[in-house]
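Going in written order, the chains are labelled A, B and C, and every chain counts its residues from 1.
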Amino acid sequence: MPMQRGSLVGACVFAVLAIAGAFLGSYPTYLLNLAMINVIAALGLNLLTGNAGQISLCHSSFMAIGAYCTALLTARLGMPFWIAIPAGASAAAGLGALLGLPAIRLKGIYLALATLGFLQIVQILVEEFAGVTGGVRGMSVPKPAFYAGLRVAQYPLYLVVVACCAFAVWTAGNILSSRVGRELNAVRLSPHAAQALGVSVARVKLVAFSLSAAYAGLAGGLLANVVGFIDPTEFGVSASLRQITFIVVGGMGSVAGSVIGATVLSGLPEVLRPVKEYSDIIYTAILLGFLLFLPHGLVTVGERLRMGVIGTRQGSE
Amino acid sequence: MTGTLAFQLAIAGVSVGSIYALVALAIVIPFKASGVLNFGQGEVVTAGAYLALVLTTLALPYPLVVVVVFVLGALGGVLIERVLIRPIVSAPEFTIVIATFAIGLLIKGAISLRFGDSPVSIDGPFGMVPIEFANLRVNPTSAWILVCTAAVTLAIIAFFKYTRMGKAMRAVSINAEAAQLMGIRVSSVYRWAWGISTAIGAFAGLLVAPVIGINPEIGSLILRGLVAAVIGGFTSVTGAVIGGLAVGLIETYSGVLIGSAVKNLVPFLLLLLLLVFRPYGLFGAAEIKRV
Amino acid sequence: MKRVRALVWTAIAALLPSAALAQEQGVSADTITIGAFGPITGPAAYIGLGGRDGMNLAVKEVNAAGGINGRKLVIVFEDDAHSPTRALAAVKKLFEQDKVFAVMSVGGSNATVGAVDYVKERGQVMYVSIASAPQVTWPFSRNLFRGGTTEAARYGELYAEYLATNAKTKRIAIMSGREEYPRNEGDATVAKLKSWFDIAPVARVEFNINDKDFTGQLVEVQKSNPDIVAFFGNPAEASIAMRQAKELGIKQPFFVGSNMVDPSLIAAARSNAEGVTGFSLIPLLPGSQLPDMVKWEGAWRKEYPNAPAGRPNNFDLLAYGDAHVMAEALRRAGKDLTTDSLIRALEAIQNYRVGPVATPRTFSTKHHVGNLTLVPMMVKNGAWEPLPWNSTRESDILKRYQ
């Protein structure tokens, strides 16, 4: 989709979302907030895995870092949300770079294992330092404030989420159509060729990890404020797998894929309410089904229908 | 720490370590043969434990239970390989990793729905009363697990060294294309690798059930098994077993020396350190792909 | 201009929920809609599934007998997966989307605490059957009620009294899990041992939920040379710990928290469970051959013929009893049903129980702690048997509500 048409469509969608939010009740607003937060997280993961080709099982850990940092800055230091949330995202980005350093030397299975190990370590640390994080019992997040005394009401908070989501979509699109984006894809498609052409693969991987962590951290900080309560089970392996499901179902390597996958699957639990005992299994089956039969995601379905031809999407293997 | 306590802890460490060793074995074999790391191996162990539960409730004698668990475990592996793994064996690694994760979760979900989440257990084959000697106590089931682990390890080593299929598997793990050209049916090798792997995994579930209990969460064992496999370098059978015992001992000793709070961190810190500095483990061949 | 309009609409939207409350949401001419939540997925699913099924059985009985003042009782159930975040989302949905009249919690403490602050603000009734987290009843909140499980502090009182007055057990080692419920039990016991009997535990160790190895903790316990080991956690962990204790040569008996006084402990620990003591929240456990339980189990199995092993469990019974208490209060609140009339009806309940399978509930205008009764039991020959021991100390709990 040409960049300009895409931006116009995106801008319209977000404008509609922003206005519609004024008319919606508390629960639908809550659901939309969660969906947009999922979109932000999916965008980050897609940059890392879909574009740069790095397997990561610890995306939810970066969300956790963003969430807990934001929560602690708000609760302990009384910071307003517009400092706390970016601070949380930055902390996550920093730790993403830190993880990126050893990850440079790893690939495939070994990278997957390393990220799994990292996730377990973050989980254990959160649970152990219960004095700080509330441990397994979780911690309550104070309501967000513009500054001491002026609380952010529900609709303004919703607008903040809309703005952040729009920002995330816009920056991701820009990244992908810039040189950085091309380097990300090059590292995935042929690291040797990229290296030969003077692209520092190590640097690109580092950037990829750091960027994806920043998105996740932003999503985490927003989650903490929207829900008002965070606990470690929200950021475990199942959360990481859920985010992977977003990009697999939506389409790896594209902004549209992240948005579609996250939005569709965010609505799924509502649809599955009548059979909620089976919701976990259904979710997993969807993931497996797409991996086996539609590995390029829903985005390609739209493309195929549009073009009427069967072809592979640009940028995937 | 007294000498007696150190010995008692060594026994505890080796008991739990032999379970990790079996899980690591089950992971390493199909990885060696087909390059697929089965992240769902933990759930194979869970399935084995529940199978043991069903068979024991049917009052089958223990030797028969062992045989049935091996056979059904192997068949299950062959089925999974045929239906779910074969289509994606040449897909990018990401797909394989996530697919095996998903398969594991499906197994766990199905078990949860069928059996519920209440923990149950079965008795060990030799009773649960610890054997006492020289001021030390050994749980007979733990001793049995150690014996079985040794037996399985020796059997696998013999399999790779002396049998046709074993040698074929080694050939395929070195170079599948060349092996195919030499007349080896690669699809057959994969099938065998998976069948053996899930058979061992299910057997591990049967062994572990009296010791850890039976509930849908026991699959989290795989994390320790993965650490053990990394120690072993993923390509060495003896490495996997030694890795498993090492993880068990390290865990047990650090639990007493450092305290239970950070004890759980140790295997994962070890994992990260190994992956960064010695990814081919302490026993494996330096075959890591780097860029 | 757009902004002004948006603000006006926001104001109207904000007013709408309160408008709904004025005509008592969840109550119509022929139905009362009650929300409920608990874990039906994840490792704690045996709590929520039991809670849901026991509650639904009671609701079915109530509706079969004609309903409540001419209205049928309808339950809307949400999964909380034992997570506080999900519990909060579940309760929000139940009140704001499904427009329920009141909510019953049949989940664990860990999750329910996530919802408490929101419900307090909301003002509608939440009746907590199974969770024992202190925040539900202390500080006092007019719209929150606690049913089956008693206060964490009450466990502390009974456990401390039992352990201390039982002459052979002055040296007490405590092992507790890092989750809400086990930690509360442990803390409460330690507090009461100190304040009532001036006894300090000889060892206090913690473990993580889902741990499979307790060697480290048990070594420390063994070093302290206790008379008894008090274990607060889950049946799966208890069974491993009790086995490992034997292997380390720990011959002292175990005392377990009340969530483990359940047939599942015996199913998991098998012969190691022999001689274990604990307090039960229900007078009869599933599997008992006494006629009242046989009759109740018969009715349960007729309703749920395909239930897996281990069911019905204690949570079925707890939720069953409490659902009947709720139904009774709804009945007494009369045809003109409001949150206020429900609260007054609940507060008037004195020693009410639906039958011998439940313990009696008593509320007052000063406190909403419905149950202070626990029955001491021991595992004898593979089954839980009541012990002939009675508490003689008066509970301190209700004093602070005066």
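Throughout what follows, a residue touches a chain if its C-beta (ideal position, glycine included) is under 8 Å from a C-beta of that chain, and two chains touch if they have at least 3 such contacts.
These numbers come from a predicted model, not from an experiment.
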Category of the chain touch graph - line, ring, star, complete, other: complete
Chain pair, B-C or A-C, that carries the greater number of C-beta contacts: B-C
Gap in Å, rounded to a whole number, between the CA centres of chain B and chain A: 33
Chain centre separation in whole Å, for chain C relative to chain A (CA means): 36
Interface hub residues of chain A, defined as touching at least two other chains: 277, 280
Residues of chain C engaged with two or more neighbouring chains: 41, 208
Multi-chain contact residues (two or more partners), chain B: 261, 264
Residues of chain C that touch chain A when the two form their complex: 2, 6, 9-10, 13, 16-17, 40-41, 78-79, 81-85, 88-89, 92-93, 96-97, 110, 113-114, 117-118, 178-180, 208-209
List of chain B residues in touch with chain C within their complex: 5, 8-9, 12, 16, 112, 114-121, 123, 128-130, 137-139, 142, 211-213, 215-218, 220-221, 251-252, 255-256, 259-261, 263-264
Chain B-touching residues of chain A, taken from the complex the two chains share: 49, 53, 55, 102, 105-110, 112-114, 116-118, 120-121, 124-125, 128, 187, 191-192, 195, 201, 241, 244, 248, 277-278, 280-281, 284-285, 287-288, 291-292, 295, 317
Residues on chain A engaged by chain C in the complex (per definition of touch): 19, 22-28, 30, 127, 130, 135-138, 140, 155, 227-231, 233-234, 276-277, 279-280
Contact set on chain B toward chain A in their complex: 31, 37, 39, 84, 87-88, 91-95, 97-99, 101-103, 105-106, 109-110, 113, 223, 226-227, 230, 261-262, 264-265, 268-269, 271-272, 275-276, 279, 288-291
